[in-house]
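Have a look at these structures, which come just after this line.
Presented sequentially are two complexes of chain A, the first with chain B as partner and the second with chain C.
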Partner chain A sequence: MASQSQDESTSIQDIFDAALNLEDTHYKSGYDEGFSDGLLTGKDEARYVGLKSGFETGEELGFYRGCIDVWNSAIKIDPLCFSTRVQKSIKQMDELVSKYPFNDPENELATDVVEGLRLKFKAVCATLNVKLEYDGYPKSSDVGF
Partner chain B sequence: MASVSEDNLELQEIQKLEGHTDRVWGLAWNPTSGADGVPAVLASCSGDKTVKIWQKSPSTSSFHLKATIEETHTRTVRSCSWSPSGKLLATASFDATTAIWEQVGDDFECLATLEGHENEVKSVSWNASGSLLATCSRDKSIWIWEALPGNEFDCVSVLQGHTQDVKMVLWHPSEDILFSCSYDNTIKVWAEDGDSDDWHCVQTLKEANNGHSSTVWSISFNATGDKMVTSSDDLSIKVWGADIVRVQSGEGYAPWKHLCTLSGYHDRTVFSVHWSREGIISSGAADDAIRLFVENQDDLGDGPMYRLLSKKEKAHEQDVNCVQWGSKESGLLASSSDDCSVKIWKLGPRH
Partner chain C sequence: MTTSIADELYSEILEQSNGEMNSKSTSLANHFNSSDSHEDELWNEDGLSWNGSNNDSEKESDLDREWQRRRDQFHTIGYRDGLIAGKEASAQKGFNTGFSESVFVGYKWGLVRGVGSALACLPVAVSKRLVESEEKRNKYLHLHESVNGLSTSDALKLFHDDISKSVEKQNDQPMPTSDKEEEHTPGSSDTLLVTYYKDMQALILESPALEVDFEIPK
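Then we have the complex of A and B:
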């Protein structure tokens, strides 16, 4: 008696197992499909964001590098053209740009370097009384075809 | 209880100075005036884009308009500050510039215009020696400038740390330590690393350190510079203390610690606080009143450290934006308001 009732309950369980497994199987295949799709679009998006912010950072650093090179050339021609304070700031900016971890984007130093450069640049411009400004990423209206 | 002669003191209105056509923001007494035969000189700046210079006439003892600085700033002049020598006046404006003026005869000549802030400059302050100038702005940054011979001003450093509009900057009365307060509810302390032009935030006084829970509007020091008072939109005034002797003897930085909070006295924003040489703290608030506080002398240790000495209700018809004690003459107070006027007060026995 006892064993028969056990058999019955097992067979009933089997019927439901099939239904339960069906759900599991669908869940699993759906998950796999979503995962691989997500991986692809995620990579695409990351590539796009990486290109965009990499370009922006590169452009900004390049702008400062350009300013520093021009100022350094001016100092080479006339060592007294800027005050000691300004020359020191230019040197510090130079060191900051060189220090930027180009191949290690997750390095926290990256934001510190850019912040430091921005502040130093403002101070140099104010003292030299020049109005130089990094315009940032070109606006869509600036891009012509 | 209240029988000390001090408790019979009140502010008496001496004069109402009219002339500004918009709200009056900052006030500054010329630090070298008001004694030794030099008549007291007060500068006031306003939303009408001008700065007015008021001088006490020796014969009548009343103040009259001596000069108006105009047509340079294109927007509100928010703050003004005399150099310690009393020779230069710095004015900070919403037009993003700070101008430096020198009195030539009866006129004021603009010696330099400091440009750099991205937008509204909110406050300007000279250090004790007059060699450094600090400015702060809605752009969240603080700039330190050095005054060089030939009226040249070099930018020494641009400081970033506050996360919101910086309302006021003030140098310590004897040390080259800078204090700033902001819409981000904090007070920051800035000091130079050695002699390197590198300025850093050395301390932040925030809500978690018994600090303010809303915008901090103003800062003032007592005569010895070992105590600081701050006022806020959180309706309180806070007193802070530091072992300034340690700093003065070159032993290093002494952190500022919360000493006490004066709450329950104001029910609107406290825009301005100023500590007199005699130790009286004055406050100007959005409830149009001026209050005076003094240290509790008969305190046994567990009571409040400061108490209300006197309250002038309806000191102005609108918000009181600034209160400033005279630099030399004892008990002389100036106040400015949204009602376009400046008032001169004298602390004297109640009639």
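Then we have the complex of A and C:
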């Protein structure tokens, strides 16, 4: 008789367990569906963010490379056209651009390189007394990762 | 007869009734026993009705609706949580994909801007020695002016159009018409960004004093 009442209570437990498990099952199946959809849409959305960021970063670095190469060509022709201080800054910029991890946007070095380049570039432009900027020039906030 | 719950539960009552109605004690005990089994049947019937064997169809559809509602509710909650988790899981990968697709396009474009800007800002004496022919210097200047007319967001928009076009092209590839179009108009696929880059590259190649690294960085 004791065993009978126990049976009854476990069978009631089973009913609730089944109901709870079903809720779990529905949640899980929804979760799995959402996860695989999320993988796709997330990748797509993030790709567009990456496209924008990559283009802006690439443009900024390419811009510096173009400037550096022109300046270096000028120094070759006329070693006295820039002061030694400016020439040193140009050399440092050159090294920074070469160091940039183009194929690894997750690399923490990236931000340091860009920050360093901006500082040097500003310094060079100030001493050369030229204004080298254009519309839409990437602001530091735009190139954050 | 084995002892049952009924015996134990009702033994007191049975005893009382024994006192009151001695003659009917046996039948009463039987009655209780039978009523116990009858209750079991009722319980079973009730249990079955939950599985939908109830004839009351209205009640059944109510249950179905409730069931469906709860299923949808949990499914939706799960879907929302899964969607967020899935997005987070693939965000970095997606970002990296996009970044690597665009960084060198941007780099080339920036190179064109940089060479043009730096040349335009050089002291005239130096730029005259770098690019000796005046005609070429004007070409550089002209290119620099056109390039400078485009802001980064303009360039980004052009780049975005390029990508959309190339995606369309990929989708159209099995169609024979797109192949024909490409054959008929060679070079038309060059967009403004690429055209400026090629113009700049051609100019620099004609200026030996100007050493610009066109290599895509590693």
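Assorted remarks:
Keep in mind that, in the parts below, the second predicted complex is superposed on the first by the 133 of 145 C-alpha atoms of A that agree within 3 Å, B and C clash if a C-alpha of one lies under 4 Å from a C-alpha of the other, contacts with A are read in each partner's own complex, and residues count from 1 in each chain.
Convention: a residue touches a chain if its C-beta (ideal position, glycine included) is under 8 Å from a C-beta of that chain, and two chains touch if they have at least 3 such contacts.
As the structure is a prediction and not an experimental result, all values here were calculated from the model.
When the two complexes are overlaid on their common chain A, residue A:77 makes contact with chain C while staying clear of chain B.
Contacts of A:21 after superposition: neither chain B nor chain C is touched.
In the overlay built on the shared chain, the residue A:107 is in contact with neither chain B nor chain C. Contacts of A:85 after superposition on the shared chain: chain B is touched, whereas chain C is not.
For chain A, the partner with contacts to more residues, out of chain B and chain C, is C.
In the superposed model, A:127 makes contact with chain B only, not with chain C. The touching residues of chain A, counted against chain B in their complex, run 83, 85-86, 88-89, 115, 119-120, 122-127, 129.
Against chain A, the residues of chain B that register as touching in their complex are 114-116, 141, 143, 146, 154-160, 197.
On chain C, the positions that touch chain A within their shared complex are 3-5, 8, 70-71, 73-119, 121-123, 125-127, 129-130, 148, 151-156, 159-160, 163, 209-213, 217-218. Within the complex, the chain A residues that touch chain C are 1, 4-5, 22-23, 26-74, 76-78, 81, 97-98, 100, 102-103, 105-106, 128, 130-132, 134-138.
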